[in-house]
Amino acid sequence: MTQSYLDLRERTQARDRSLREKVMSLEEACEYINNGDHVALGGSTASRTSMAMLWALIRAKKRELSFSRSIVSTEGDLIFASGIGNHILTSWFSQGIIWGVSRVMRHYTENKLARFEEWSHMSIGLRYRAGAMGVPFMPMRSMMGSDVAGRLDNLKEMECPFTGEKIMLVPALNPDVALIHVQRCDSFGNAQLDGLTFMDIDIAMAANRVILTTERIISNDQIRRSPDQTKIPFFAVDAVVEVPYGSAPHECFGLYEPLFSHMDYYAELTRKDPAAGVNEYLEKFYYGPENWTEYLELIGLGDLLDAARRGRSIYDD
Amino acid sequence: MTTEPGNCTASELLCVMSARALEDGQVVFAGVGIPLLAATLAQRMHAPGVTILFEGGTIGPHVVPGELPPTTNEQRCTRKANMLVSITEVLLLLQRGYVDVGFMGGAQIDQYGNLNSSFIGSADDPSVRLPGTGGGNDIASLTKMIVAMPQEKRRFVEKVDFVTSPGYLTGGTSRVDSGLVAGGMYRVVTDLAVLGFDDGTGRMKVLDLHPGVTAEQVQENTGFELSIGPDVGVTELPTDEELAALRHLDPDKVYIA
Amino acid sequence: MTQSYLDLRERTQARDRSLREKVMSLEEACEYINNGDHVALGGSTASRTSMAMLWALIRAKKRELSFSRSIVSTEGDLIFASGIGNHILTSWFSQGIIWGVSRVMRHYTENKLARFEEWSHMSIGLRYRAGAMGVPFMPMRSMMGSDVAGRLDNLKEMECPFTGEKIMLVPALNPDVALIHVQRCDSFGNAQLDGLTFMDIDIAMAANRVILTTERIISNDQIRRSPDQTKIPFFAVDAVVEVPYGSAPHECFGLYEPLFSHMDYYAELTRKDPAAGVNEYLEKFYYGPENWTEYLELIGLGDLLDAARRGRSIYDD
Amino acid sequence: MTTEPGNCTASELLCVMSARALEDGQVVFAGVGIPLLAATLAQRMHAPGVTILFEGGTIGPHVVPGELPPTTNEQRCTRKANMLVSITEVLLLLQRGYVDVGFMGGAQIDQYGNLNSSFIGSADDPSVRLPGTGGGNDIASLTKMIVAMPQEKRRFVEKVDFVTSPGYLTGGTSRVDSGLVAGGMYRVVTDLAVLGFDDGTGRMKVLDLHPGVTAEQVQENTGFELSIGPDVGVTELPTDEELAALRHLDPDKVYIA
């Protein structure tokens, strides 16, 4: 995963970084992801997951993708079960603490059908950050002494040349593609995010390609009225797809909270027979619908409205 | 007014006792579940000046009763917060030294306070793959720790199967020798007792028993030998005010069973 | 300047980081700066300089301070001439390109009365960032091969253990005190900044003490309504001073542009005889006035209104 | 329509010629002064899709005619920008490889394109202390460079007194050997000519002469031997449109004398 600096620069310089329109469909955006790519997911757990893009990747039958994310929720189950990838690098992987340990994650990892590569949360953030900064590593002070570090072969300990202290170095992670879901961006890819930004900014700047899904496309004029609210610059973005409720059943800050009844339904469906349950879910919600709107219809307008009411309430305080 | 023994569940007892371990004015990095709830309870009771940090990037929020977040990354975590930052930034606050206490739950702990939330059995061929470290490794590596968990023999083991979040490693100076020069296990709060660690050896010891609990009971529910001195203290039962506040915060019993 | 990690943590842990009122006067805030301290200045060139706090330090006759800033403008002249410090670490030091090379800077440095320690712009930013992150150094890829690096004795080159590349390491800079001027903050020190943030966030998080001067104090309720706009957390702040036009004659984004006629006047005053000119300026504007309002009166209401009209125009677009 | 020779000042000529060195769609990191003005001119003329970055943290602004910023850190730099970031972040864009061209002025340059903006004379006892590198060292270390400066013997020296911003250092592979594996001097645009660098030796050479300028004139105004081949080109004079646009941008002649 650690690219040489000249390779990284060459890939970056080869991108068309001019101010240009890049709005397309989910299906068109799939062309920006090649089998075998390392894909970084923005958001965290059940928040601002680029679910619509994952949905499209699964329908497009991509293969041999590897993934990374700060914390993985149900989307990790779907990655393993759909067969688009069998390797996820993350710090925590389960639907969410209130639903217990994911039976799907357990099924795939315990039976060695797939790999959950565990790093500390901060180390993942610093790996993306090193990638975003164009340096080959970042120094840090955790993971030392633990078995988490012991199972990883691309960590280096060093003695600090300034202080003599023991320091852990983690290697840069420059994903081939980043999938990031945002509240709004313009057609060039200037993205403005509200609320928690998780590791998204570093992921966007580190990746060799960035696909934004967005709840809403706004004008470039609107962006230029508050440039200090822009969090991802257009030149780092390769594709923009407008997808309302693009993170459902996960949440999107300020717009909708998680669709809890759907999340409960999923947990129940996968509890007894994880493999069969998750496949039933994929059949129904991923392979069945004609398009994203049909997917949302299957989830149900009632759940969407309820989640939106709760989501917007953050601005009531 | 303190409640009668038996007037609260083990989870409620655990929650109240661990809330009491926090001091007013502290900056507390709280994990989801009991720690989140207990830190919030502390704020409502004896420590209104506690600042809570959540791993999702929230600084100083005001958790709303009945709307407990399912993870530390949801917008519910951010209600009336003072500041939101990235995940990496909030974890770096631990490294920079701005945090007083890391406050977590645990699946498995050993005599040196090492926590395992990764594998039951061998890491290469586990009987259970657990969800993993999350911020646990970083928090335990970088700050003073309070852990809240039920005291059970299968959870309190001589040596954890896997050191996810470091305590005192193999005891003595091994933690510092490994490069972890700051922080370390401070308290383990359970439904039976409050435990601490020996300064020299780094081994777990009993500090206080909860009312009605005997030293033998604690030892019976522990998979290694605990040092329990004759001068061991006794905690006070949860007060009616504490229990009322707790039940008000979690009316749906999301975190208190 | 590079503190051991345990020292740094000890100083940080000893600070009262609870949510508490910390509003005080400029004179009271001076007590937070000890002779001999290293003081980092927020803002850059003629933008958001904590001029009021510097004004107070000069009046309080502090001594043997050393300073750092991304880019230094007229405040550097005043630091040298007033005698509060004779060492400034920065990447660029002059009033501003349109006024030519600062004759005051030249007078003090060429006559070896004071020291201008030159680092590359990014390296200063990364030194603060390492300080903010609690690591002893940051890796970077500039300064190598240059004489800028050649004159510095606390840089280290290393071979990257992951890629074998040559990498420059710059040491963490944890200032004793940071002086940062902001548009608004609450009485606890939660600061919200508009426009360019320069290196201020890293400086604030790196420093062992932070003094905020602010155009306006707002309520904590107001802060909590948009926590994603807070850029500096209260627990990193030790003192808050409300000082309208606290950056004059420099600018404060969105509120006032530089007071150009005053800046021209200063440049003219110091052109012929730098030492005499700057001392005349100090006598008149620093030692003369009874308080900050008198200082502003001396600058002149007309200039302030003109600068404010221009400053607010950024929101007209 | 091209203007008559003599219808524009040396600064104007420099500004127009260096604006032309930019290509549409490029991401250009521009210093204050002539580069800022020339990049803005390029945007108004042949390269509307140029994205300007300023060291103060501005991405893609729209500089307003008659309101040229005195430094790259003032709010005037941010008019109608696409994004504002910290100084450190905007410089890191160079390191990450997002920038096509660094565009700077220079006080003193040598045969290998090394720039000095720090000291005239020895660094320990200079006759003039100059303002220093600013972002110059980082820009020249990390990206392809275009430098705009008047061609004068005292500015074009065999060896700069001090390498503030690295060109090809001592020539050959010395730049790459020092660890600067990317970027490097690309063009030096002056009021007399457009200069480039030899791929192998890293020495400066004349690519194009401005109309009416002879090779001898360029050499006379240069403190080292320039390679000037027989195939040297000739630039086109500024057009009326270019000069009108330029004078509209800087009506007060802040940067064009």
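Chains here go by letter, A, B, C and D, matching the order in which they are written, and residues are numbered from 1 within each.
FYI, a contact is a pair of C-beta atoms (placed from the backbone, for glycine too) under 8 Å apart; a residue touches a chain by one contact, two chains touch by 3 or more.
Being a predicted model, the structure only gives us computed values, none of them experimental.
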item	value
Selected interface, A-B versus B-C, where C-beta contact pairs are more numerous	A-B
Centroid spacing, where centroids are CA-atom means, of subunit B and subunit D in whole angstrom	58
Rounded Å distance, subunit A centre to subunit D centre (Cα mean)	40
Where subunit A and subunit B are represented by their mean Cα positions, the distance between them in whole Å	29
Multi-partner residues of subunit B (at least 2 other chains)	58, 78, 80, 84, 92, 95, 181-182
Touching two or more other chains - residues of subunit A	5, 134-135, 140-141, 165, 167, 195-197, 224, 228, 317
Pairwise chain contacts, counting only pairs that touch as defined	A-B, A-C, A-D, B-C, C-D
Subunit B residues within the subunit A interface of the complex	32-33, 55-58, 70-71, 73-80, 84-88, 91-92, 94-95, 118, 123, 126-138, 141-142, 162-166, 169, 174-175, 178-182, 254
Residues of subunit D defined as touching subunit A within the complex	24-27, 49, 51, 58-62, 78, 80-84, 92, 95-98, 100, 181-182
Complex contact set, residues of subunit A against subunit C	2, 4-5, 134-141, 154, 156, 158, 160-163, 165, 167, 169, 171-172, 194-197, 224-225, 228, 317
For the subunit A and subunit D complex, residues of the former touching the latter	5-6, 8-9, 12-13, 16-20, 132-135, 188, 190, 205, 220, 223-224, 227-228, 230-231, 233-236
Subunit D-touching residues of subunit C, taken from the complex the two chains share	43-47, 70-71, 73, 90-94, 96-99, 101-102, 105-106, 109-110, 116, 118, 120-123, 125-126, 128-129, 140-148, 151, 157, 165-168, 195-202, 251, 253-254, 257-258, 260, 311, 314, 317
